[in-house]
Amino acid sequence: MPIIALTTDFGTRDHFVAAMKGVILGIAPKTTIVDVSHEIKPYDVAEAAFVVWQVWNDFPQGTIHVVVVDPGVGTSRRIILAQYDRRLIVAPDNGVISWLHRSLRIEDMRSVENQEYFRPNPSSTFHGRDVLAPVAAHLAAGIKPSAMGPRTDRAEVLPLPVRPARTAGGFEGRVIHVDRFGTLITNITRQDLFAPAVQPRSWRVSVNNEAIGPIRDTFHDVPRQTVVALIGSADLLEIAVNQGSALERFGPAEGIRVEVR
Amino acid sequence: MPIIALTTDFGTRDHFVAAMKGVILGIAPKTTIVDVSHEIKPYDVAEAAFVVWQVWNDFPQGTIHVVVVDPGVGTSRRIILAQYDRRLIVAPDNGVISWLHRSLRIEDMRSVENQEYFRPNPSSTFHGRDVLAPVAAHLAAGIKPSAMGPRTDRAEVLPLPVRPARTAGGFEGRVIHVDRFGTLITNITRQDLFAPAVQPRSWRVSVNNEAIGPIRDTFHDVPRQTVVALIGSADLLEIAVNQGSALERFGPAEGIRVEVR
Amino acid sequence: MPIIALTTDFGTRDHFVAAMKGVILGIAPKTTIVDVSHEIKPYDVAEAAFVVWQVWNDFPQGTIHVVVVDPGVGTSRRIILAQYDRRLIVAPDNGVISWLHRSLRIEDMRSVENQEYFRPNPSSTFHGRDVLAPVAAHLAAGIKPSAMGPRTDRAEVLPLPVRPARTAGGFEGRVIHVDRFGTLITNITRQDLFAPAVQPRSWRVSVNNEAIGPIRDTFHDVPRQTVVALIGSADLLEIAVNQGSALERFGPAEGIRVEVR
């Protein structure tokens, strides 16, 4: 009972996601299909790369992720099939694997070229339905990744702010994602801050030069509507407002500077 | 093939719901996971309590509901596991069970404390993924509720307007929910109005002192865009506008007074 | 392992869709339930008719579609069960089958009347839960369509702009759907344009009298933010803006005139 997990920028109003699911179930009826997100900002490859990375290890080994954020659909951009930590991703070769690629060891990468596993006469505008869904479904049905195309070494990887800047007394980080609650997720990791030699409680956080205080354990270590810095569920430093929105307070996300010293 | 039904305020843009599903399927691969709603207003425990109550008896016996509307995540608030009508709910002890608790007979209630069924090293900000999802999955996989923690008698129950006020000639009700069509669901029940001694058709309904007329059978007993009172699918008195929005007409919901006489 | 595919205007905030799923799983626990869309504009029968038609052949044979866009719920409008291309649809008889009916050969049509397969005491406002879901679930569980009610010949079919107008030098088309990316889908088909005798590349497209150029293969045959005409994944002529919105450029949809000559 393999799992196929879908991440797209298709939204849920149109029939696009359902078309992919219909195709998958036609090929591999016993697949468990899980929606990761269909609300990726249209064409926002970096957001999709972040989201699929975030859930990677929450899904069981053997899970097949399909990511369709594909501004280059119909061009000669390749489709790649990559394996990290015994989970697979099928996606356009446009950078969607970037966070995975920079965080995990790659185990296999293929250029998906074997049209035997595509739909006949694929459209030039909907490879999600005509190429990626059937390839994932055939993998779920037991076809080996090696059957999908030749091994490849290169893939598009975005110039992400993977690491925070080292400063005299600590780190200067960037906001790499904003969640639905308006919480700002930064690129400063638990590992950065709590390496053995460091006294966790001695850190002081500031956002856009405004002092936020120490790193807390939970939202509730501060009063309601107060800014709080903590290590979130992704082991990254987050800036939140207890029952409020840090984005509203400090946004837009691009310009926010988070310092820890 | 157990069912786990999810109700959260996570929205569907982020990866939070998918993370929970991944964890569930890793523990109990044959689970059928159903989304009840992820569009609960952030931190709105009362709305979640209403929604899970509304679907309670539409799901088969044995269904395990997980509700994650959890403004107190990371504090010492407990996780409870309760059974009503042979269906289970796992939720923070913050009032999410209120409508169930006031409407149904409780069959068992546990304080979920056995960390054996949590994820190792649970985060302090995402108990949905690290505590509630794995507990539900282990229940789906056959672990007994009694293994999750000791029996408990007390749980947070919100001071809900469960019953309408009795008036000289009838009832004064409150709006307890507004649905996507803008229909106002009140706390006046079919039972209140149609107890044996009452002549159903003799009731007259008014909203904010505006006369609406008798209680109808369907939306279509009035012209389009006209206000109509009827007993809805939850056996509660509803105020609707045929193919329009009663909320737009009478809102905001908090101040609306519905009288039946 | 039958598939039930759901299309409604219920949205995903309320419990309505989940109530239907709970009922289905209570009757036919092994059903795979797929959401087609719950974001149909409230009461927009024509949009639902388009969406269900679009995915029809992407789902395997035997799929049972349930469509609940039902402004007439509670009136004497019938429920119909129709079969096209070995897939079934259960829906109110209000025109939801229109695109299917005009595009595919009907194989069977029933008036759903056998209350044995309804929920006991169905409400007058939520036939999705009380009539359509249980009927579909019983079909999924193996009950024959013929058990649901007598054969019928007539059904409501909307006066859709199924065919474009023939002009001296080509076609004048109408926008029949706008997708989430703002792409305009017209009623001019690949068949219309690329019948054997026609030179594909000789067509010139104009929108609201603005010349768009020839019909391209992909979005990327034009620069970003540029208007492009192409044959989309539904084999219909589409007007798009590469990584932008054609609706914003030319809308509202009702007044847009697409000409090919």
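Read from first to last, the chains carry the letters A, B and C; within each, the first residue is number 1.
Quick note on the criterion: contacts are C-beta pairs under 8 Å (C-beta built on N, C-alpha and C of every residue); 3 or more make two chains touch, one makes a residue touch a chain.
Nothing here was measured: the structure is a model prediction, and the numbers come from that model.
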> Hey, if chain B just vanished and nothing shifted, what pieces would we be looking at?
Replying inline: one piece
> Degrees of rotation, nearest 5, to put the Cα trace of chain B on chain C?
Replying inline: 120
> Interface overlap for chain A and chain C, more than half of numbers shared or less than half: same or different?
Replying inline: different
> So, what's the distance in Å between the C-alpha centres of chain C and chain A?
Replying inline: 32
>> Could you pull out the residues of chain C that touch at least 2 other chains?
In response: 12
>> Looking at the complex, which residues from chain B come into contact with chain A?
In response: 10-19, 21-23, 25-26, 29-30, 33, 42-43, 71-75, 123-126, 129-130
>> Residue numbers of chain A touching chain B in their complex, please.
In response: 1, 3, 5, 12, 32, 34-40, 51, 54-55, 58-60, 63, 179-181, 217-220, 230, 232-233, 238, 243
